[in-house]
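Two complexes come next, and they have one chain in common, subunit A, joined by subunit B in the first and subunit C in the second.
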Partner chain A sequence: MWRRPFPWLIVGAALLYALVPYFTDDVQLRESLLLAAVYIILASNLNLMIGYAGYVNFGNIVFFGLGGYICLYLVNDFQWPLILAALLGGVAVSALALLFGLGILRLRGAFFALATIGVNAAIQQIVTNFEPWGGATGIYLALDAYGSLGGPMQALWTTYLLIVALTAASLLASYAIRNSKFGLGLIAIGQNEDAAAVLGVPTPLYKALIYSASAFLPAMAGGLYFFKSGIIEPTGAFNLQTSIEAIVMVMLGGSGTILGPTLGAFLYEELRGYLLIAEPFSHFQLVIAGTLLLIIVLFAPGGLLGFVHRLWPRTRRWLE
Partner chain B sequence: MIGILASVIDGVLVGSVYGLAAMGLTLIWGVMNVINLAHGAIIVLGMFVLYLVATALGLPAYGAVPVMIIFGFAFGVALYWIAVHRMIGRPALMSLLATFAVNMVLIGLGTALWTTSPYNVPVAMPGATWQGYTFTGTHMMAAVLAALIAGLLYLLLYRTRIGKAIRAVANNREAAELSGIPTTQVLSLAFGLGVALAGVSGTLIATLFPFTVLSGEAYQLKSFVVTVLGGLGNPAGALMGGVALGLIEGLATPFMPVSWIPIVEFGLFVLCLIAFPHGIFALKRS
Partner chain C sequence: MTALLSVIGLGKKFGGLQAVQGLDLTLNEGEILGLIGPNGAGKSTVFNLINGVFPPDAGRIVLEGKDITGEPPYRVARHGLARAHQIVQPLLGLSVLDNCTVGACFGRENLPLHRARDVAREVAESVGLGDRLDMLASSLTTAGKKRLELARALSARPRVLLLDEVLSGLNPTETEGMIRTVRRIRDGGVAILMIEHIMRAIMSLSDRIVVLNLGRKLAEGTPQEVASNPAVITAYLGEPQLMAAAENPG
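Moving on, here comes the complex of A and B:
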């Protein structure tokens, strides 16, 4: 894997991404980049489902929210160190996803998509009624939770660097999976599931595994992100809207590629930031995002990267 | 005991309106294998048509029902040609995304026009009192209208040539095309019908409860639950599923906190999808 230039490109870009705001000490730039990094994590892990296996996970945000809840609960009520809490959140959500995946991945196409919406809604309602997690008001992090990381200021930098590390890990994982036997099996499932099964791909296992794998890093990112915000509550944590926006990002950049979802997430986040600030558009942010999605789906289903690949076929070799 | 009975009856009355909404969703699925994720936004559209007709224009509230049926049908046909037509026969992901994009645009426009604050349209309708329990007039009227519209849909589907064409296309599009049915027109017609049903159910829901631009999502999820109970693509099943959901809500209300009811609904939804992907009431059809 490390013999090709692409993984090194990822590592280099991540280093640049992490160090530029750190050395310029630009807090505003850091916040904007952090949000984009979180979206890149969501989009590239969602891409494992949409782009590789061809299953649309409409409730992908449930991983992010649940990971956030577990991490904040451990940090706040049991004084766990952040990294350990986030890691456990990732592992727990991943295990839960594996269990769930074996059930709901028996469904195909639109039925699966509907079930994921149902899972997100059900978990949101359960958390809203779960008193140890603060019910509808959620968990507020006590300020001294930041103490172990050297105070709030230093803690924000630490979470930023950790989130960038997760972003790089997401991209490397996407790359490694796509170039493995597992990844080829997934792509076969995405193209024709029955044919893949006949050719010996263990489809139920592969689907459950990728569903579980696509939960791990978003759940950890959720832990870090909500630690940074200091608060988590059910409507924000399990927002179906964010789930769908992640799908828009994947489609915008080009599903099934590694660079595509990254590019899509980054561009979408920057575009949204601009639209929210620009006075004439601030009310029409959803309208513009929706129109954009419709145009992509109708006229450019390959997304940005698909468009570039069609225009210059030689870019396929190094823009993966 | 009578209290529970009254709660169940009220649940069934409201459930019939859910059933009507789900019929719109399931009709579209049955005819063209498209799950309309703009369903919730269209329900909201129906709600605001009631608001415009009753509050802004000052006309009688139930006048909004025929207005919404006609407007919803035209809107649905337009939507079919804009967003859905190119998606027919492509992977499910594409039509889901296209209809969701429409949903985003509609909700965005609605938020810009009406903000997200709650609206309430008071509808005057005398209720009936029985054994000390009052049944609200609007709930009974909504159930009667829902049943009436469902009956009209039945007549349209089973007693007219157009209905026969719609059923033929749902069964086998190629064979229908070979028999000289203009399938594309029939598809747009069916989509228009589905949207009109969703919209008019929104109008009826708005006569019962207050609403906001964002209410659609909750009712869309309810419609999914109902459709799954009744079997995707089965309009009669959808009406029964709606009544069943209303019954569950009515039965559960006296026994558990209201905030737990959605858990029961969504739990049931996921379980039903996994265990009976063709619906509980679909035994006859298969």
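Moving on, here comes the complex of A and C:
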């Protein structure tokens, strides 16, 4: 894998992404880049389901929210170090997704999509009524939780760097999967699941594995993100709107590619930021997102990257 | 001769319809066994039962001494049984080479990706797709897609190959080419069970033929025996091809 230039490109870009706000000491830039990085993590991992296996996971935000809850609970109530708590959140959510996946991935198409919304809604209800996690009010992080990371200011930088690292890991994972036998099997499933099974692809196992894998990094990112926010509560953690926005990002950039969802996430975040600030468009971003999704699905199902690939077929080789 | 694939007392019901009943089949090593019968006789259902698309209600399927009854298609494929569909099922967004690589990766030999790609290239070239390896499957012609269906099944390096009407929709020249390809596959050591409607082709290709009617075995034997069987002629009445093929085999 490391013999090809693409992974090194990812590592280089991530380093640049991490260091620019650090050296310019621009906190506002850091916050905006952090949000974009979180979206890239969500979109890139969602793409493993949508773009590779061909399953639209509408409730993908459940991984992010649940990972956030587990991490904050461990940090707040048991004084776990942040990295360990986020890691355990990732592992636990991944394991849970494997169990769920073996069940709901028997469904296909719209029925699967509905089931994922159901999973998100169910977990949200359970958490809302789960007293150790603060019920409907959620978990407020005690300020001294930042102490071990050298105080709140330093902790924010640390979380930023960790999230950028997760972003790079998401892209590298996407690349590694795409260029593996596992990835070929997944893409075969995405193209024609019945034909893939006849060819010998163990479809139930592969689908459950990718569902589980696509949960790991978003769950860790949820831990870091909500640690940075200092608070987590059910409506914010399991917000279906963010799920839908992640789908728009994947489709906008180009599903099934590695850079596409990244591009989509970054552009969408910028657009959303502008729309939120611009007075006439306040809270208008979902209308734009919906329209955007419609236009892409109807006229450019390959997204931005698909469009570029069609205009210049040579770019397929290096713009993966 | 040893039996590679045995089907014993196979039965399947869809609601009130008995699609297949009490069917026995034996496919020997190095053999081409033709499966013919009027429309709705249950031929494709037999294929679906053998490769695990549906589990049978009754009977057993034994491949190389292993009981594979009721196993899902992906496990049957791993045991060394590959299938080419009547309605081609290419992975449209993948290249010809990638389509075949899927077959090689997940077939009997369960190859790692890079070795699978070599096998896929070799097989695609052997069925005449060597000049179209990087083309998307969606841009192939019907004949090309039929060849791809075959190449993909062969890339699994199967012991038994199920061919479901690989000749339908081909023009006479393409049919001739495909018949030669099927013979070559058999000579390469793969036993073939094939469904075919083009009588001249199946009569000349098959070593033995099983005739199916209304889900039951009507007759079995060499092409000549089957073609002169009065019960078969009755079932096929109105299909003069069979009479012509019987008078002029090959």
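What to note about this one:
Definition applied: the second predicted complex is superposed on the first by the 319 of 320 C-alpha atoms of A that agree within 3 Å, B and C clash if a C-alpha of one lies under 4 Å from a C-alpha of the other, contacts with A are read in each partner's own complex, and residues count from 1 in each chain.
We take it that a contact is a pair of C-beta atoms (placed from the backbone, for glycine too) under 8 Å apart; a residue touches a chain by one contact, two chains touch by 3 or more.
The shown structure was predicted, so the numbers you read here are calculated from the model rather than taken from an experiment.
When both complexes are overlaid on subunit A, subunit B and subunit C end up sitting side by side without clashing. Ranking subunit B and subunit C by residues of subunit A touched puts B first.
In the superposition on chain A, no contact is made by A:P5 with either subunit B or subunit C.
In the superposed model, A:A289 makes contact with subunit B only, not with subunit C. Shared-chain residue A:L114: touches subunit B; no touch with subunit C.
When the two structures are aligned on the shared chain, A:Q125 is found in touch with subunit B, with no touch to subunit C. Of the two partner chains, subunit C is the only one that A:P202 touches; subunit B does not reach it. Looking at the shared chain after the overlay, A:N192 reaches subunit C, while subunit B stays out of its contact range. When the two complexes are overlaid on their common chain A, residue A:P81 makes contact with neither subunit B nor subunit C. For the superposed model, the angle subtended at the Cα centre of subunit A by subunit B and subunit C works out to 80 degrees in steps of 10. Of all C-alpha pairs linking subunit B and subunit C after the chain A fit, the shortest spans 10 Å. Partner subunit A is touched in their complex by these residues of subunit B: 29, 33, 35, 83, 86-87, 91-94, 96-98, 100-105, 107-109, 111-112, 217, 221, 224-225, 228, 232, 257, 259-260, 262-263, 266-267, 269-270, 273-274, 277. Considering their complex, residues 51, 53, 72-75, 77-78, 82-83, 85, 89-94, 98, 101-103, 105-107, 112-113, 116, 152-153, 156 of subunit C touch subunit A.
Considering their complex, residues 179-181, 184-185, 187-188, 191-192, 194-203 of subunit A touch subunit C.
Here subunit A touches subunit B in the complex through residues 50, 54, 56, 58, 103-104, 106-107, 109-111, 113-115, 117-119, 121-122, 125-126, 128-129, 136, 240, 244, 247, 251, 283-291, 293-294, 297-298, 301, going by the rule given at the top.
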